[in-house]
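In the two assemblies presented below, chain A is common to both, partnered first by chain B and then by chain C.
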Partner chain A sequence: MLRIGVFVCHCGHNIASAVDVDEVVEFARKLPGVVYAGQNLYSCSQEGLGSIKKSIEDNDLNRVVVAACTPRTHEPLFRRACEQAGINKYLFEFVNIREHCSWIHAKEPEAATGKAKKLVAMGVAKASLLEPQEEGESAVIPRAVVIGAGISGLAAAASLLDQGIETHIIESKNCVGGLLREVAVIGPEDIDSRNLINSLEKRLTSSPKAHLHLNSRVKEVKGFVGNFEVTIAKGDEDITVQAGAIIVATGTREFQPAGEYGFDEYPAVITQLELERRLAKSDFAASRMAIINCAGSRQPGREYCSRVCCNASLKNALRILDKNPDAQVTILHRDIMSCGAAAEELYRRASERGVRFVRYGLEKRPQVHAKENGVVLEAFDETLDETIDLDLDLLILATPLVPPEDSVETGKHLKVPRDKYGFFLEAHVKLRPVEFATDGVFVCGSARWPVSARECIWQGQAAAAKASIPISEGKVRIEAITAEVDPDRCAACGNCVLACPYEAIEIVEHLDTMAAKVNEAQCKGCGTCVAACHNDAIQQKGFSSRQLGAMIDALIRTATEGTQ
Partner chain B sequence: MSEFNPNILAFCCNWCSYAGADLAGVNRLQMPPNVNVVRVMCSASVKPEYVFKAISQGIDGVLVLGCHIGDCHYLTGNHRTAKRIPLTAKILEKVGIDPRRVQLDWVSAAEGEKFQQVVTQFVDDIRSLGPNPMKEVRF
Partner chain C sequence: MEKKRVVVIGGGIAGIQASLDLADRGYEVHIVEKSPSIGGHMAQLDKTFPTNDCSMCILSPKMISCADHANVVLHTYSELESVEGSFPDFKVTIREKARFIDTDRCTACGDCIAKCPVKVPSEFEEGLSKRKAVYLPFPQAVPRKVTIDKKHCRMLTQEKCGVCKKACQAGAVDFEQEDAIIELRASVIVLATGFDLMDAAAMPQYGYGICKDVVTSLQLERLLSASGPSNGHLRRPSDDKEPRNLGFIQCVGSRDSKARNYCSSVCCMYATKESILAREHAPDVEIAIFYMDMRATGKGFQEFVSRARDIYGVRYVRSRPAKIQPANGDSGVLMSYETRGAAGESKTEEFDLIVLCPALTPSTNNTDLAEKLDVELDGEGFFRTPDIAHPVDTTGKGILVCGFASGPIDIPDSVSQASAVAARAAELISGGER
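So, the complex of A and B:
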């Protein structure tokens, strides 16, 4: 028999200032199946959780509904409380009456209370139909694959190897180091990048558990967390590696600003990386130079700040002055982003040593004109409010970092999303910064977003730490929101097979006929197959058509009976 | 006669639009209290049957909100939503229901303001359409 308990949260004033909690509790008490309704000042506090657990035991509850904030942050907490009180955690239902009610209807207490009732009625209706679920388990292959041997990938691989995890590193070029190889010195601390790369590379070459695949690329990825099969194309040869986790460290490349500021037109116009290459040589001779920051970024189509270029411009301006103290260096910028004490110091030093800073705007962009052995830059200085002409030997464009060309393909192989600029998109910007929503696949470094070498190393190590969790546990649990096929209703039409973005469904023999079957470990619980099924033969656990239908019924019923 | 207060159902996907609705809350963006959100994992799991059921039983409007195309947490789920929901509205139109009662939109986890705008606009639209005629036909 149903014994539902409803707990309505005040959240201090957050809910109670708009929603009449007493009224909602009284309303909930009369809903079908509800045997207990109570309230908490703060449900998520130790005290609140304690009182929920006590009520579960005292009232012998077998379903729990908490009406409070958002399941996106607090569901695990209440699920745990249910488990501790002896109820399967899938018998818990969350109703959001804070973000979706009290906070957005703060000035309409009556309407907010009415809506809270509807939402509670819907939650109770769904809870009535919840079923206990067992989370599946699947074994994890104790091996990792790192895609990309730039600084992020090297850091990740070294960290995995330190933990004794066998690691395959796939690199498309013929050497490790990635983009950093083209940079001699890393600012603001003036670290020799070659030393950094070599020291990380050594940790790979000295480990028998490391397998470095140069001139290689990912050809195919099959499987799911704990049980991936990665096909590596290495020349004419294909190598297959079984792995438990995959780290994406595919890095970035420098944007080539075709047609902008005379690039491709005048040999004196180069990119920042080309400047790095020239600065690494002993015969660097130019003396009058300007660097245009944000060349190709922070403008329509590529709105983002590429994060590393300001510091690189400051560092390179100082390196130019180190080589030639008489050089005249101008940095044209649209805001200097030199966050952190060390980078700010770099900015100060550059100013002190005579680097000239000119602020330009998008409305009046600097114009480049031809000149013998160089260019003339005509720039509108927003601070002076006048146009200046600069005679230059070299014009350097600090262009943004952009995703590598094959990131579309990498994303497709791994079934991981990218943002509108083509960078990979993590599961949660704050809570899960180095994980993809796809379990067992991780991301680090500039594959996600342009970051400095130091941040690449942090993220590489973070991704390795995350990737090592399933590997060291040896098994993974699968959240029970997966899809299930009722083989007797299934016509084996294959619509769900085509609909599934994860290739988790196949048609198999069932009794003397055929039916679809969901591979639970591969199913991510999106429910796409559910809506694709013409026979209602697939249900998603925790989101079944009966459960959602009951919510719709409850909404109609509550509205008809009048709550407002 | 009392003012028409539409009763609206919204399906929000867990990853983008539900989070966008959460963000609207966090930012205290005020909006009409007529929209009641049901959380689903992906907008592509919203069956036309849910919409038909809701409309046929008197819900005044159904809003389906998902991640922007290209941002789907499940890669391409919302491509299906993009085809399915307009088709669902078209089918309803064939049986005499104003298709504007069913609306699809994209709200990212960062678009609290867009959530507010979409909800406010939809409530306005439904208000101007008046009560769902199916309400009088009791099943």
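So, the complex of A and C:
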């Protein structure tokens, strides 16, 4: 017999300020199958969860509906409470009356309450038809793959190896170190990048569990968390590696500012990476220089701040002065982004050592004019409110970091998303910065967003931590909400195989004919195949046609009752 | 095999994330948090930049996971007493301060709180409302156990009262309770002590403590929070009216050789966030942000600032205000500042409410901890992390750091650093490169 409990949440004032919680509780109490309806100030607090668990026991509930916030953040919590109180966690149904009612209809309490009632009726109708589900378990291959051997990838690999985990590192170039190979000195602390790369490389080469594949690229990635198969193209040869987790550390490149500030026109106009190369040589000679920050960034089309350039400019201004104390260095900037303690100190040092700071705006950008053996820069200084001319031997453009050209391809191989600029998009900007939504695939360093070398290294370690968790545990749980084929109805047309974005479906022999089959470990429960099937032969557990039909019925019933 | 143990000091988002990753990695984690609940500053925030997710909504599942996790032991209202030994065998002594409550019995029903006659400013609400001497810091507190504040409790200070004891049906109040001393051995120690807000009253030119309508940014977070003292209605303290205009002052004590040299790194963004939220709560309020450089270097940050400027009409003014003083009467504030450019002039504007963004300073206990653990602090008082190849290692072997304790840092970076700590602890414990 159905014994449904409904718990309506106030979320402090978040819900209760617009939704009449008492009214929703009263309404829920009368719905078919409901034997208990109650409310909580914060359902997710220890008190709220405790009271849900207690009601489950006291009222012998066998279905639980919580009307609160979003399953994105809170479903695991309430499912766990159900489990702790002894009922299968798939007998829990979540109704969102915060985002969908009180927040969006904050100024219309009646409408918000009415909608909350409808949603609760739908949730209860669905809960009546919920079935217990069992989660599968899958073994994890104790091996990791790191793609990219820049500083982030090296840090991730070194950490995994030091944790005793066998690691394959795939690098498309013929050496490790990435961008930092060309940045001799790492600011703001003036660290020798060669030493840093060597020390990390040593942790790889000294480990028998490390497999470094240079001149290699990823050709194909199959499988799912715990059980990936990565095909590496190494010259003419293909190598296949089985791995439990994958870390993406494919980094960035420096934007080449074609057409900006005379970059292709005058040899005296170079990028900051070229400056780094020249500064690394002993014969660096130039005495009048300017660096333009945000060349190609923080403007329409590429709106972001590339985070590392201001500090690189400050560092290089000081390095120039170290080499030639009489040099005149001007930094043209829009805001100096020297966040934190060490960088602010760098800014202060640069000012004290006589670096000139000129603030420019997008409305009146600096102009570059020809001159023998150099250029003349005409700039409007916003602080002084006047135009200045600078006679320069060298004009340096601090351009942003942009994703490598082939990041589209990398994203496709791994089925992971990229943001509008082409950087990889993590699972949650705040709380899951190094994880992808795809389980078992992680990201670190400038592949995700331009970051300093120090940040690259800790993010590499962070990704290694995340990858090491399933590997050290040896197994992963497999979500039970997956698609399921009724082979008797299946015509083996293959529509679902094409529709599935996760390549989780294949056509296999079934009795004496063919039918589709879902690999549960690979299925993400997105439901795309269900919609694609012409024969109604695929159902998604927890979202069956019957369950959805019951929700629609409940909605119509509530809506018509409401108007009578 | 016995589980290796890690002690995490500080239960803000950094300590919480480090603990959860370490616990998932199979280590037994002990969190030592000095206040009655874990959660740290993130628990006080309304929304978080740049996506404006509700802070408590994303934090509280993590807090509950700490309480629920088989591998996590919470020591709240506790402090590190002493440490002996060295990596990989630290002997750690923890002092669990007396709450004067038998936590096994307390159900946090609130009967004691209702009866307690003593009211003191609430730390969680940044002094904007009162709490009792027996209190739960906030509704989602973990653990959900009340605490009697012995500095203010009448029974404990004057030996009269005791009404809470009579009110408590569970018999949980125990005025005789003493601090408990817990000793344990640990392989690795993690420092996650976060930050404090610089006392804005120390810089009288900004008018804090002089003008009623000058508040701190953290107070504004509480005023904007639906669960805060004004239920999320934007009000100014002097007369409880909705302000018509609001000015943010950046770098109050940050980037200032007379106070803190460094940039606190998160204020430009949270001021932008609070502006957007204030406009959403009070659509007519006019907002200006007075700043030196608008530092928006993280993912989605520039777009966030553009949105505030272009869609929410926030006025960004590049200037460092010189003086803030009371306007006529009890309400409102007069602010004088210099405009930029050759034609720079002195201006005075009147604001209904001024929000200060004070420097975020290292936790005051860092000095004491540094001494007990024999690790170095940097010139500002954050834990020093000299080796770029091991960015979460302090100068003490096996002693790691994450979050604001390592320097100014926002939530996403605190979270990734916390995970890095888990990896580093695993490297060290597995006997990897030291």
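We take it that the second predicted complex is superposed on the first by the 561 of 564 C-alpha atoms of A that agree within 3 Å, B and C clash if a C-alpha of one lies under 4 Å from a C-alpha of the other, contacts with A are read in each partner's own complex, and residues count from 1 in each chain.
Just so it is clear, a residue touches a chain if its C-beta (ideal position, glycine included) is under 8 Å from a C-beta of that chain, and two chains touch if they have at least 3 such contacts.
None of the values given here were measured: they were computed from a predicted structure.
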{"item": "Room on chain A for both chain B and chain C (clash or fit)", "value": "fit"}
{"item": "Which of chain B and chain C A:298 touches, first, second, both or neither", "value": "second"}
{"item": "Which of chain B and chain C A:474 touches, first, second, both or neither", "value": "neither"}
{"item": "Chain A residues touched - chain C or chain B, whichever exceeds", "value": "C"}
{"item": "Chain B versus chain C as contact partner of A:449, first or second or both or neither", "value": "second"}
{"item": "Partner chain in contact with A:555 - chain B first, chain C second, else both or neither", "value": "first"}
{"item": "Partner chain(s) touched by A:71 [first = chain B, second = chain C, both, neither]", "value": "first"}
{"item": "First, second, both or neither for A:499, with chain B first and chain C second", "value": "first"}
{"item": "First, second, both or neither for A:354, with chain B first and chain C second", "value": "neither"}
{"item": "Chain B versus chain C as contact partner of A:100, first or second or both or neither", "value": "first"}
{"item": "For chain A as apex, the angle formed with chain B and chain C - C-alpha centres, to the nearest 10 degrees", "value": "100"}
{"item": "Chain B versus chain C - smallest C-alpha distance in the overlay, whole Å", "value": "5"}
{"item": "Chain B and chain C footprints on chain A, overlapping residues", "value": "70, 419"}
{"item": "Complex contact set, residues of chain C against chain A", "value": "17, 21, 24-26, 48, 50-51, 53-54, 57-58, 60-62, 64-65, 67-68, 108, 139-144, 226-227, 231-232, 255, 261-263, 265, 293-303, 306, 340-343, 378-380, 382, 388-389, 391-392, 407-409, 411-413, 415-420, 422-424, 426-427, 430, 432-433"}
{"item": "List of chain A residues in touch with chain B within their complex", "value": "70-72, 96, 98-101, 103-108, 111-112, 114-115, 118-119, 122, 415-420, 425, 437, 481, 499, 501-502, 524-528, 530-532, 536, 540, 543, 545, 548-549, 551-553, 555-556, 559-560, 564"}
{"item": "Residues of chain B that touch chain A when the two form their complex", "value": "5, 7, 9, 14-15, 18-19, 21-22, 24-26, 28-31, 33, 36-42, 44-50, 53-54, 57-59, 70-77, 80, 84, 116"}
{"item": "In the complex, chain A residues that touch chain C", "value": "11-14, 17, 41-42, 44-47, 49-50, 69-70, 73-74, 76-77, 80, 155, 158-159, 161-164, 186, 189, 191, 196, 199-200, 203, 298, 303-305, 307, 335-345, 348, 382-386, 419, 423, 428-434, 448-449, 453-455, 457-459, 461-466, 468-469, 472-473"}
